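Starting off with a structure, shown below.
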Amino acid sequence: MVVKIGIIKSGNIGTSPVIDLILDERADRPNIDVRLVGSGAKMNPEQVEEVAPKIADFDPDFCIFISPNPGAPGPAKAREILSAADKPAIIIGDAPGARVADEMDEQGLGYIIVNADPMIGARRELLDPTEMASFNSDIIKVLAATGAYRLIQKTIGEIIAAVEAGEEVELPKLKITAEKAVEAGEFTNPYAKAKAYAAYEIASKVADLDVKGCFMVQDSEKYIPIVAAAHEMASTAAKLAVEAREIEKANDTLCRTPHMGDGCIGNKCVLMEKPEK
Amino acid sequence: MVVKIGIIKSGNIGTSPVIDLILDERADRPNIDVRLVGSGAKMNPEQVEEVAPKIADFDPDFCIFISPNPGAPGPAKAREILSAADKPAIIIGDAPGARVADEMDEQGLGYIIVNADPMIGARRELLDPTEMASFNSDIIKVLAATGAYRLIQKTIGEIIAAVEAGEEVELPKLKITAEKAVEAGEFTNPYAKAKAYAAYEIASKVADLDVKGCFMVQDSEKYIPIVAAAHEMASTAAKLAVEAREIEKANDTLCRTPHMGDGCIGNKCVLMEKPEK
Amino acid sequence: MVVKIGIIKSGNIGTSPVIDLILDERADRPNIDVRLVGSGAKMNPEQVEEVAPKIADFDPDFCIFISPNPGAPGPAKAREILSAADKPAIIIGDAPGARVADEMDEQGLGYIIVNADPMIGARRELLDPTEMASFNSDIIKVLAATGAYRLIQKTIGEIIAAVEAGEEVELPKLKITAEKAVEAGEFTNPYAKAKAYAAYEIASKVADLDVKGCFMVQDSEKYIPIVAAAHEMASTAAKLAVEAREIEKANDTLCRTPHMGDGCIGNKCVLMEKPEK
Amino acid sequence: MVVKIGIIKSGNIGTSPVIDLILDERADRPNIDVRLVGSGAKMNPEQVEEVAPKIADFDPDFCIFISPNPGAPGPAKAREILSAADKPAIIIGDAPGARVADEMDEQGLGYIIVNADPMIGARRELLDPTEMASFNSDIIKVLAATGAYRLIQKTIGEIIAAVEAGEEVELPKLKITAEKAVEAGEFTNPYAKAKAYAAYEIASKVADLDVKGCFMVQDSEKYIPIVAAAHEMASTAAKLAVEAREIEKANDTLCRTPHMGDGCIGNKCVLMEKPEK
Amino acid sequence: MVVKIGIIKSGNIGTSPVIDLILDERADRPNIDVRLVGSGAKMNPEQVEEVAPKIADFDPDFCIFISPNPGAPGPAKAREILSAADKPAIIIGDAPGARVADEMDEQGLGYIIVNADPMIGARRELLDPTEMASFNSDIIKVLAATGAYRLIQKTIGEIIAAVEAGEEVELPKLKITAEKAVEAGEFTNPYAKAKAYAAYEIASKVADLDVKGCFMVQDSEKYIPIVAAAHEMASTAAKLAVEAREIEKANDTLCRTPHMGDGCIGNKCVLMEKPEK
Amino acid sequence: MVVKIGIIKSGNIGTSPVIDLILDERADRPNIDVRLVGSGAKMNPEQVEEVAPKIADFDPDFCIFISPNPGAPGPAKAREILSAADKPAIIIGDAPGARVADEMDEQGLGYIIVNADPMIGARRELLDPTEMASFNSDIIKVLAATGAYRLIQKTIGEIIAAVEAGEEVELPKLKITAEKAVEAGEFTNPYAKAKAYAAYEIASKVADLDVKGCFMVQDSEKYIPIVAAAHEMASTAAKLAVEAREIEKANDTLCRTPHMGDGCIGNKCVLMEKPEK
């Protein structure tokens, strides 16, 4: 059986660019097929209302809606639409989403809140397309190297397995903290784990500065250094996450969890060996 | 007027995750609206045939199809579909796409070939979702910091401007070489430019190793080091690209090209100053 | 006139090791003389009660009491003693001290709260003398390179000047935030400033993890990674602070504020030039 | 029994800021209590004469006097005072102290000479409070990571144990060379040991440049580069010492010697394990 | 028996400065003696004709001619001279030499082609003696750390052994690819091997840029960034090669192949142990 | 006129591999021609006696003899031979050569002593061909980036100019200290200069450890860490020298002194500009 996964992307968080790829990293997983609709950078109710229903055209077995702040008006609209539909649906969002966790629960929606997926420094003096991409690169590096993406891989993998097995889907209620991320990271060296933990925590704090710089301070002399500092923190977090990964590589203990020939998740540590189920 | 841009993503290259975001980095550009459809990691004809026509539902002013190797069967199908449609369309792809440049020309399609957007090391022993995301992070960093994304921003910006002005769209025929990327990078320091150039060239060579490791060598004892080396090259290219950007930052000459209040592209160098048109 | 400064140290924060040296970095400042008493690492009421009154033996013009958490029992005792004495007195402490700011105000005490001077990871599995010193090295680097120490230098410098001039001492009520630290840092390059700001913020968050690891989590399997992560954050903050300083060095714009021949604070940027008043 | 340790600090070397903390890194060692008196940055006979006798007020079991150059007039005065007193006393100083080793021996004083604790670049064009603190940070890092502080911990620990046991104190006659420091560092990896050794040697040479730049060259065009170079050497030594420590961390073999519940010195290598006696 | 080796150097490649030293790294190998003649940086036929025959004065058992591009006129002349002589001779050259491999074979000459020994950026705006030496430093680092020099050591070692044993010399026909270099590198850690492989590949691509910048582009505005980029690539390759070596050091598995007391090649990994045959 | 330079190399120091190349970095200098003879790694009297006289066959205008320790027996023999010959001759050696400076003066020989060109760690447990080349790479980097090679270039350049002009040659009596090296380095940024100075000083100290490890300590448990530490110092010095160079590059002030079209030495700073005489 091929499980069909419908993904709706509105606006962007660090998990958005890779959420579909995480499920099928070599494009050869036999048991899933992904369909995407999206509204690019914008995530207002008008965009969401136009794109979210479209996913139904692809008749997915379950849906994922991913955006910044699940509590914002656009994502709220998406939650409404998906809650009303008859397919299992999961909301993936950043830390502010925790505020509507109970609400999502009541709406019958699963959720994954990625704490270290911070708001960008959306001030024109700092943020051009190049800076935006560079920032996303840093956050992707943090979320990859710390284990956060692996936890998402496994969480969604369980849904896929349930659908495949014809079982009822248990929707995730997951807030990815540093503890949970680095546990999924399966570090062998404790200092690598500590570095990953620290990287995740630093990335988690980036949003504090960006919220301050974008919404709370209006004088450009003051907010530019703040949002620039936030991006420096993101870049530093990325470097630290890479350090963690390099330690595991130096010990040839880097955990890898590729999808296997039958679509399930394998596991391996020693680079020259094959993964096992 | 709001220009509606339809983007179809099948499979993934380093430009895919950010192509829509590049056009509207702060989600506040007033004169465009983006709609996406996609098929996730897979890019076979069957996926492409299902998703590509769907973009028409959003009635875009022009379309972008982005995937690896525009000459592969899936993308070939997409080109066929888009060529037959009556909207301007652009194909964005990686270096192997250069082989079908003339064909795209004959099909009435524009194209952007990103030389330094290399094939990934798609061997199960190396490539799990974490490694995949980490590799994409590196390539995004290279393409951002060298200037390649800015060149894409400007190239598509010209199409948007033409549509907005009611003029005929001149479709791009662009192969992004190191020279062109770093020219768009607008480096002030010549060594920063040289480092960016070198980073772009190194990234361009990653594909050679990955093609060798994925298709030409079948013994895992031999191909694992090759694809692992390719990823080390990508990571090194990213570091070098960052070095280039850091030099410009240290001189406070980093070029930024944010979209302005009216949607056109601004320009600035000094961090504490406002961008100008 | 030689202003005599009495300093009492109980317990240790990152500012403690250098507080006296900051005032007289080359040991040749003609207009001050410093006397210290202290109780080493311990800061319980019994130690404080024994050492704090001793400073009076040196007949200082004003006093500084420096310790972790000014609200803790030992420092509370010190505040009581100093408040009752007839000499101007300043409390220097870390972020938890902000909770007793009003109280210090009422006690007629000045205060300097150093936000980025975090609690150490005081778990035996992590913290031996070597790790302790290494952590202090990192915090000292952050507080030096971001500008926090310079702000302390200037703040106490004003008290010295007032005493020297026979004026009434205006006691400082200073919470050193990232903004205030980097302002004192007098960075010329805005990215250096942003890096310093980020370093200060990261250091400020170290305490969150250390408090969690030391007081809130009791399972060593869980708290060791947390306190180890806190120390990785401190180390990363130090590296980032150094980056900021190196940028200013590369531009030959590094601000220096040495004490001049007459004891006042000079200022200079260009390394090969003399400082000026 | 609680051993009471009296420490007198006059002037500053890289060991001064942490000498008391090294003995009680978590402020919970049950069997010692420390009292400090000091004269800040200055170390002239007049300061020493005032502060040194004061330590007696605390009735210490033994005393430590720490300062630069034990042969200088102020420290000479301190040696005289301590020699005349009836408590065991130890002088801690930097490399020039070796010249009065025999003299100290005759005075019945123990001594610890820290070869890699160099004179600072005390020229006003370079040395402001920020540079001073930054330099101390580097030296503290070198002395911590190479093992020098551990050797001091153990050396003074033996005195404490002797006092505690009511035995006669054997005063140390210790010159901390690179060999002795890295032996105390207990490196498992031989390259880490070599890096630590090299870091210690580089730090040992810093003083040569600082002495030249401070005392032997009078033209500021010439001495500024020399003292600036000395500080670059210190910074480089710190980086190399960190490299050594990071290797041990990557192998999870980093030696730690925390004080145990009963105050004796424990030992551990594996981060997640408890220390043992 | 002492094997006498005659080496002729004309012009310079990254292997030239150390080719003789590689055979006798501690100057104590008992069974060889080396004689050199050379023409410095120049390698035109007139220089080669004067120096090449001179090597015969030393009556060597076999000869090595090392230069850039064995197909160029000067080296062609050298091949002619050596082919006509009655001693075994080997040509060592860079990648362009592969084009005359068959020719060398027909001439009865052995050869070693070092793929990653690239042409320098010989443009006056970039290349002064300092830049030249710095570039050579980088290439030497790459060729050393990846294993290329060890492969040359072993290859020539076999010739020496044959001469010593009175056997007929089997002339090498060796093209040093990344695969062959890292095999000789004997890396234990697979990521170290991958980094070395990547470093070798990057160095191999340097020549592409330098050929373009030196011969194919004539506008200095264009060629300066190209040759500067080539040197940045070389520098980056060196850093990556060092990373590989540092990993092996951190694991204490760094392979070393010193010449033993009898002149044969030993082998060791653990630093503190003796090499074995 | 073409000045013919005869160079004799016996044994190796860090200057040896590039001494001839420094004079003609692009192999196109019209007014010199170089001839080399050498004895490889060995430098005993028997080798020197065989090779040194051979240089006369090329009829050079002046001669350079380069080796470690000019006072050792082999080099002493070379000095004797060159002193007896009727051509101007210069000895280039490392720091121990300073001990025979007067003697060389009496022999009518010029000399260049390169203080930072240290003895290698010639212990079999450490030094194989790979380590040897790697060490030389580091030393070459230090001597290039600090300015030492430029000073040699200029010093020999003056001899060439004198010969060319038919003037009497004034033989150099040059000891390259850190001061002289960095003066030739022509750094614009004072911190770059300080880093270069520090790098040169660190390299100068490498020999102390290598002499100790090779000649004064006989227990391999002790001498291996010492010689390994010496090589770490060399590697650190190289990194610091590179930092200095990178600062000048970041400011586009890197001094370059290429040989011009007529063979004289040009000068330039701005990368994109032509050098001037």
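Order of writing sets the chain letters: A, B, C, D, E and F. Residues in each chain are counted from 1.
The working rule: a residue touches a chain if its C-beta (ideal position, glycine included) is under 8 Å from a C-beta of that chain, and two chains touch if they have at least 3 such contacts.
Quick caveat: nothing in here was measured; it's all calculated off a predicted structure.
Common neighbours of chain A and chain E under the contact rule above are B, D.
Comparing the chain pairs C-F and E-F, the larger number of C-beta pairs in contact belongs to E-F. The angle of the rotation carrying chain A onto chain D, fitted on C-alpha atoms and rounded to the nearest 5, is 120°. Of all the chains, the one whose CA centre sits at the greatest distance from that of chain D is B.
Distance from chain A peaks, on a Cα-centroid basis, for F.
Inter-chain centre distance (chain A to chain B, centres taken as mean C-alpha positions): 21 Å. Per-chain Cα centroids separate chain D from chain F by 39 Å. A straight line joining the Cα centres of chain B and chain F is 49 Å long. Chain C and chain E have CA centres that are 56 Å apart.
Looking at chain C, residues 190-191, 224, 228, 250-251, 271-272 sit in touch with two or more other chains. All chain pairs in contact, by the document's touch criterion: A-B, A-C, A-D, A-E, B-C, B-E, B-F, C-D, C-F, D-E, D-F, E-F.
On the side of chain D, the complex with chain A involves touching residues 249-252, 254, 271-272.
On chain D, the positions that touch chain F within their shared complex are 178-179, 182, 190-191, 193-195, 197-198, 201-202, 205, 208-209, 222, 224-226, 228-233, 236, 239-240. Those residues of chain F that touch chain C in the shared complex are 189-192, 247, 250-251. Touching chain E in their complex are the following residues of chain F: 5, 7, 9, 11-12, 16-18, 20-27, 29, 33-43, 47, 50-51, 54, 57-58, 122, 124-134, 136-138, 140-141, 143-145, 147, 149-150, 153, 220-221, 224, 228, 238, 245, 256-260, 266, 268, 271-275.
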